[in-house]
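Structure, as C-alpha cells:
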Amino acid sequence: MPDNTTNSARPSGRAADQLRPVSIQRHYTRHAEGSVLVAFGDTQVLCTASIEEKVPPFLRGKGEGWVTAEYGMLPRATGTRTQREAARGGQGGRTMEIQRLIGRSLRACIDRQALGERTITLDCDVLQADGGTRTAAITGAYVALVDAIRWLKSRNLIKRDPIFGAVAAVSVGIYQGVPVLDLDYAEDSACDTDMNVVMNDGGGFIELQGTAEGHAFRREELDALLALAGKGVAELCNLQREALARAA
Amino acid sequence: MPDNTTNSARPSGRAADQLRPVSIQRHYTRHAEGSVLVAFGDTQVLCTASIEEKVPPFLRGKGEGWVTAEYGMLPRATGTRTQREAARGGQGGRTMEIQRLIGRSLRACIDRQALGERTITLDCDVLQADGGTRTAAITGAYVALVDAIRWLKSRNLIKRDPIFGAVAAVSVGIYQGVPVLDLDYAEDSACDTDMNVVMNDGGGFIELQGTAEGHAFRREELDALLALAGKGVAELCNLQREALARAA
Amino acid sequence: MPDNTTNSARPSGRAADQLRPVSIQRHYTRHAEGSVLVAFGDTQVLCTASIEEKVPPFLRGKGEGWVTAEYGMLPRATGTRTQREAARGGQGGRTMEIQRLIGRSLRACIDRQALGERTITLDCDVLQADGGTRTAAITGAYVALVDAIRWLKSRNLIKRDPIFGAVAAVSVGIYQGVPVLDLDYAEDSACDTDMNVVMNDGGGFIELQGTAEGHAFRREELDALLALAGKGVAELCNLQREALARAA
Amino acid sequence: MPDNTTNSARPSGRAADQLRPVSIQRHYTRHAEGSVLVAFGDTQVLCTASIEEKVPPFLRGKGEGWVTAEYGMLPRATGTRTQREAARGGQGGRTMEIQRLIGRSLRACIDRQALGERTITLDCDVLQADGGTRTAAITGAYVALVDAIRWLKSRNLIKRDPIFGAVAAVSVGIYQGVPVLDLDYAEDSACDTDMNVVMNDGGGFIELQGTAEGHAFRREELDALLALAGKGVAELCNLQREALARAA
Amino acid sequence: MPDNTTNSARPSGRAADQLRPVSIQRHYTRHAEGSVLVAFGDTQVLCTASIEEKVPPFLRGKGEGWVTAEYGMLPRATGTRTQREAARGGQGGRTMEIQRLIGRSLRACIDRQALGERTITLDCDVLQADGGTRTAAITGAYVALVDAIRWLKSRNLIKRDPIFGAVAAVSVGIYQGVPVLDLDYAEDSACDTDMNVVMNDGGGFIELQGTAEGHAFRREELDALLALAGKGVAELCNLQREALARAA
Amino acid sequence: MPDNTTNSARPSGRAADQLRPVSIQRHYTRHAEGSVLVAFGDTQVLCTASIEEKVPPFLRGKGEGWVTAEYGMLPRATGTRTQREAARGGQGGRTMEIQRLIGRSLRACIDRQALGERTITLDCDVLQADGGTRTAAITGAYVALVDAIRWLKSRNLIKRDPIFGAVAAVSVGIYQGVPVLDLDYAEDSACDTDMNVVMNDGGGFIELQGTAEGHAFRREELDALLALAGKGVAELCNLQREALARAA
C-alpha cells in the first residue's frame, strides 16, 4: 500500500489513484462455457458466458455472430433489499442502461465474422454491491468471454481467434474536490462527478459515460479523471492477463 | 461411506440412503441480516434473510410479523442457459410454486407474534443447479432466518425467540426401481417418482409434495420414501445445528 | 348417510369419512369436445377439454401428444369478490400452482404416443367455490378428457385408446384434531393440516401435496389421512364411471 | 312461433323480428349479491353483481356511488378455443370495449347519489357463446343489479331506490339484405351491418353502436334496424320484469 | 360565419350546425408514405400511413391486404398531464376502443384484394386535444391513406385503385337541450348525449356510436343528430377533396 | 456558411464544425406550461413541460422539487415504422436510457429547493427523426422548462428563480476519419465514434456519453470531439437565449 494513504481523504484510506483489491476467479460455476467471479473490493459480480448456436433475427444468414449482455442484482446485494425485477414484472431503466453498456463494450473487442453464426450471452449478476458494479462486470465479463472463446477453439468450432485486444472498465470521480479512482459506494453516493470509462489494453476509449451530479465539471477536471482511468484500466488489464494465464 | 456404495446403481455411486456432501456457509455476503451459501453437492443456493420494519397490508396493526420467500435461478445455473425471468417480464409457474413452498415451510417454525410487526424475506437464488434446488433452499434459508433472528435479538428488538424447532428439506424418489435419497439432476430427470419432503427436527411433516412422473406409486413405495426422507432431514438438521454453532 | 353424522364435529354435520354430495354433469356446454360441470357440494367447476391438432414446440415431430390444463376462478365465485386475473395483468402464483397440478395429474393416465401429435387442453373454471376446487377440477377434468378421447375415437382419429386407468382427487385434513375427508371452505380455513391427494383407480398415488398450516403432522396422522383419501378417491372413481356410462 | 318462420331465410328458421328463446335465471350462484344466468338461445352469460363499500379514487368523499362492469369469456365458450386473457397477460381491445359498454349502459339507470359511496361491479362471464354476448350480458346484468339493490334495501343500507327504469340490449343487423333481430353467430359472422342497441323501458336510447362490415348502410336501413331493436328491447324488458317478479 | 352565431348558446359562439375551423395539411412529416396534420379547431392529430409488405397471420397467402390503426395521445395534449401509456405498461381501454374504430372505419373504403398482400397502418397521434380526437383522426387518416395509395400507384405496385368512396367522421351531441355539431371539449364534458358518426361521401353510415351520458335520448333527438352529422360529414368530405387536389 | 463546406465529405455538404439549421418554436401547443418544438435539421421534437403540485415519494416533505423527463418516438418518425411502445407493453432500453439522460441533464440547472415541492415533467416526443433526437430534446426541453418556471413566477408561486445557467446538448462523432459536429442519421449510422455532450452555458460538462462503434478512439480524437461540442453547445445556448427573448 503506498505511503500517501495515511493522509488520504477517502473513506477507505486508499490513495486517490489506487484501485480496491481486485480478484478474478475463473471457473466459478461449472455449467457455463466461461464463468468468472470478479471482485472490486466488496463488489462481487458473477459473470458467465453462454454460447448458443443461433443469432438474433437481424443477423440470420449473414455469417456473423453476436455478443450481448444481461445484468441483474440479487435483491439483497445492496444495503437495503431491492425489489426483485422478475417479481416487479420487468427490468428497470438502470438495468437496461447497464446491460446495454456491457454488451457494447464487449462487442468492441470481438471480430463477429470470426465468431461465426453463434451468440455469446454475458450474464453479469451482482452478488454483493459496493459501487462500481458495471465496471467490475465489464472487467470480469471480458475474462469469461475469453474462456468461452477458448472453449470453442478447443473443440475446433472456430478457425481464427475473434478476440482482438482486451477490454476493462473503471469508475472515476471527483470526491470532496479530489479526482479519485474506482469509487466505492461511500464515495459514489457523495461525489460530484462520476464517470465510467471503458478502455482497451492499447489505451483507446471504448465508452465514456460521465455525469455531473453536483456542479458541471471543467475541462481540467475531465483531463485528470481520464488520466486516472487510463492508469486504472492498465492495471486491470494486467490482472485479467494474469488470471487468464493461470491454469484452469 | 457405507459399504453398499460399491454396488450402487446411482450415477454418483452414492448409497441409496446417502446425501450428497452438504455445506452450509454463513455470512456469505455482508449486507443481509442472514446470508447463507448452501450446497447439496453441485447445487449451490445463496439464501439471504432481509428484515424490513413493515408487514403486508393484510397484517397491518395486528401485532404479527410475516416471513416470505422469493426464488430465482441465475440464467446459467443450468446446463443450457435459461431465459432471465426479469427479461421475460415476470416469474413463471415453477418459480412461484417453489417460492410459495419455501415461504410456507419457514413460516411453520416461526411464532409470528413473537416476531413483531416486521417482515423477513428469504431470497433464495440458485447460483448452480444440479437437482434439489428447492430442498437446498429451504435448508439454507432456515439458517439465514436464524441468523436474522439473532441479529434482532442482539439489538434487543425482540423479547422472546420466535423460532421453534428447525426446518429442513430433502428430495426422495424411485430411481430404476430403488427408493433413493437426495436426487441429483441425473437421477431427477430419469426417475419415476419424485417427492420433496419438508420436516422439522422433531420428525414432524411440514410439506409433502410427491409426483409420479412415470407410474403411480404404491403405498409401500411411499413408506420407503418417507423413511429415507426422515433419515435425510435428521442429518440435515444436525448440519444446520453445527453451522449455527460455529462462531460467525 | 351413516349414523355417526349425528355426533360429528364438522360444520356440515358430515361424518369424518364422508364426501360432500358429488355430481358430474357431462355435455354441459356444447362447443368443447368434452364439457363437464362437476360439483363437490357447493364447489362447482366447469371443466372443458379442447383438442387442437398441434403440440408445443418441445414435442414437435416426436409423434407424441400433450395434455395440459388451465385454471381460473370467476371473480365472484368466492365470498368476497376476487380481482380478475386478466385485469390484473397475469395469473398469480396460486393459479399457476393449481393448473400445473391438474396438468401433471391428467398426464399420468394418458399414453401420449397413442394420443398422437395433438394437444388436449383442460380448462377448469370455478363458477362457485366452497373449498376443494382443485380436487373437483381434477375429478371433473378426467371425465372431460375421456369424452374428448371418445370424440377422437368416434371420428377414427386415433387407433388405440390412450387412456389407462382413471384419475380422481380429494382433499383431506385434520380439523379440530380429527382427520376428515373432502374439506369444505369452513373446514379448510380453520384446519391445521391440509392435503390434496391425486390417485388412480388402482389405488396408486399420482400426486400428494400436504401442508401443515398449524403444527407439523406426525406419521400416524399422515397414515390416517392417506387412508381417508384412498376411500374418497375410490368413491369418486365410481361416480366418474357411472357418469361415463350414462348416455350422452 | 309465428307463421312466417316457415319461409324465413334465417339459419335458425326464426322470423326476422323474432328473438331467440330467452331465459333469465336468478340466484344462479350463491355468494354474489346478485347472480343471474341469462341465455339468448345458445349464448349463456353468468352475470354477478358484487357490492363493495368503497368507490374509485376520483369519487372519494363525493357521496356518490359507482357501477362498473368486467367481461370475460371462458376459453372454450367458443367453437375453437380462445386463449385465456389472464394467461396472455391482459385484456384485449374487444374485451375492454365490451366491458366499458356494459358499465356505461348500467350507469344510465342508476342514481349514483341514492346508491351512496359504494361500488357495484357487474361481472359478465360468457359460459357459451353463439353471438350477442354483450347484449345478453347487459340484459342479464340489469337483473343482477336490481337484485343487489334489493339486497341493500333489505338491510336498510340505502334509503331510496337508486334504480330508475330498466335497461336491456339487443343486436340487429342486415342479413342477406333483410333487417333481422337478435343475430346468432351464424348470422353475425355473415352479415353486412351489425348494430347493438341499448335502450330503456321507456323506449329511450342509451347506447347505439352500429358497424357496416360490408357496404355502408343507408338511412332507411337504419330506421328499419332501430324499429326492430325497439321491439326486441320491449320484449326483453318484459322478460326482465317477469324474472324479477318471481320469488327468489 | 353565419348570422345565427350571435345568439348561439355554444361556448365557442358557433352556430349549432357549424364545424370548427378545419385544416388538413398533407406531407407534414417526411418519412411516412402518407402524413397528414388534421385540425378540428384546437384538436390536432398527426395521421401517418405506413406501408409494409406483409399481412397479419390470419391473411397470409390469401392475396388480400390489411388496413389497421393505432391511436395515441401525447401526455400533455390534454389540460392536465395524462400518464404515458408506454410507461404504464400498455394501452388502456379507451385507446383500444378508438383505434379499433379508426381501423374499421378506414377498412370500409378499401378493396383489400386490390391492395394486395400488404398492410397499411394508420398511426393517429394527438398533439393537442380539444374534443373530437377520434373523428378528426378518421377524417385525417383517410387523407393519409389516399396519399399512401398514390405512393403505391406512382411506383406501379398496384394495378387498380383500392379506394372506393371517402370516409369522414364528426361528433354530434345534445348540449343544453340543443343538438349541435362537432363538440369541443367544453361541450363534450357537459353534454347529455354524444354520438360519433362515420359516414362515406355517398351519405351512407359506416359507424354510429351514440352514448346517453345523462338521460336516454329519444328517437326525434336521434334524427336531429343524424341530420347534423350528415351535414358535417359532407362538408368534411369536401375539405378532404380540396386537400387531396392540392399539389403535394 | 464557411468556405470549407464546398469540399466537405459530409453527406449534407456541411462543414465539419457546422450545426444543422436549428429552430426553437415556443408555445407550440396550448395546454402545457412550457411547449417547444425544436428542430435540428429534419429532427423535430416536441418538448412540453408540465407542472404538478406533488413530488415522488422519496422527496415528500423535504421541501424540494423534482424535474424528470419522458421520451417517446412516434411510430413513423423513422424511415421504417417502429412498433409503438404502448402496444408492445412497455418502454424499451433505448427509451429508458434517453429519458434518464434528459432528466439528469435538466436537473443539473435547477435549484430544487427554490422550485418547491412540485414536479416538472419534460415530455420529449419525436415527431420526425434524422439523428440527434436526444440532443435536440435536451436543448428544447431546457426552453420549455424556462417557460414553465416563468409561468410559476408570473403567478407568484415561487419566490426565487430556480434556474441557474442554461443547458444544451449536441452530438459529435468521427465520420470517415474526420471529427464532425451534430451528426444526422446518414452520418450517425456510418460513423465510428459517436458522443453526446451535454454542457452548460459556462462551458462546464454535465453529461458525456461516448461510444466507439468501430475502433476505440484515441485521446487526441476525444480532444477534437470535445472542442467541436463546446463550439456547438455555445451556439445552441445563443439560440436558446434568442428564443427566450422573443415575445411569447
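Labels for the chains are A, B, C, D, E and F, by order of writing; each one numbers its residues from 1.
Just so it is clear, a contact is a pair of C-beta atoms (placed from the backbone, for glycine too) under 8 Å apart; a residue touches a chain by one contact, two chains touch by 3 or more.
Since the model is a prediction, treat every value here as computed from it, not as a measurement.
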Where chain D and chain E overlap in contact partners, by chain label: none
Cα superposition of chain B on its sequence copy chain D - rotation in ° rounded to nearest 5: 120
Type of chain C:chain D copy interface by residue overlap (half), same or different: same
Identity of the chain that, by mean CA position, is farthest from chain D: A
Computed distance of Cα centres, chain B from chain A, in Å: 33
Chain A and chain F: spacing of chain centres that average the CA atoms, whole Å: 28
Whole-Å gap separating chain C and chain F, where each centre is the average of the chain's CA atoms: 60
Residue numbers of chain C (touch at least two other chains): 89-91
Graph class of chain-chain contacts, one of line, ring, star, complete, other: ring
Complete ring sequence of chains beginning with chain A, oriented so that chain F follows: A, F, E, D, C, B
Touching residues (chain side chain B, partner chain C) in the complex: 90-94, 96-97, 99-100, 104, 108, 165, 195, 199-200, 202-212, 215-219, 222, 226
Of all residues in chain B, those that touch chain A in their complex: 29-32, 35, 42, 44, 46, 48, 50, 52, 70, 72, 74-81, 84-91, 95, 121, 123, 125, 127-129
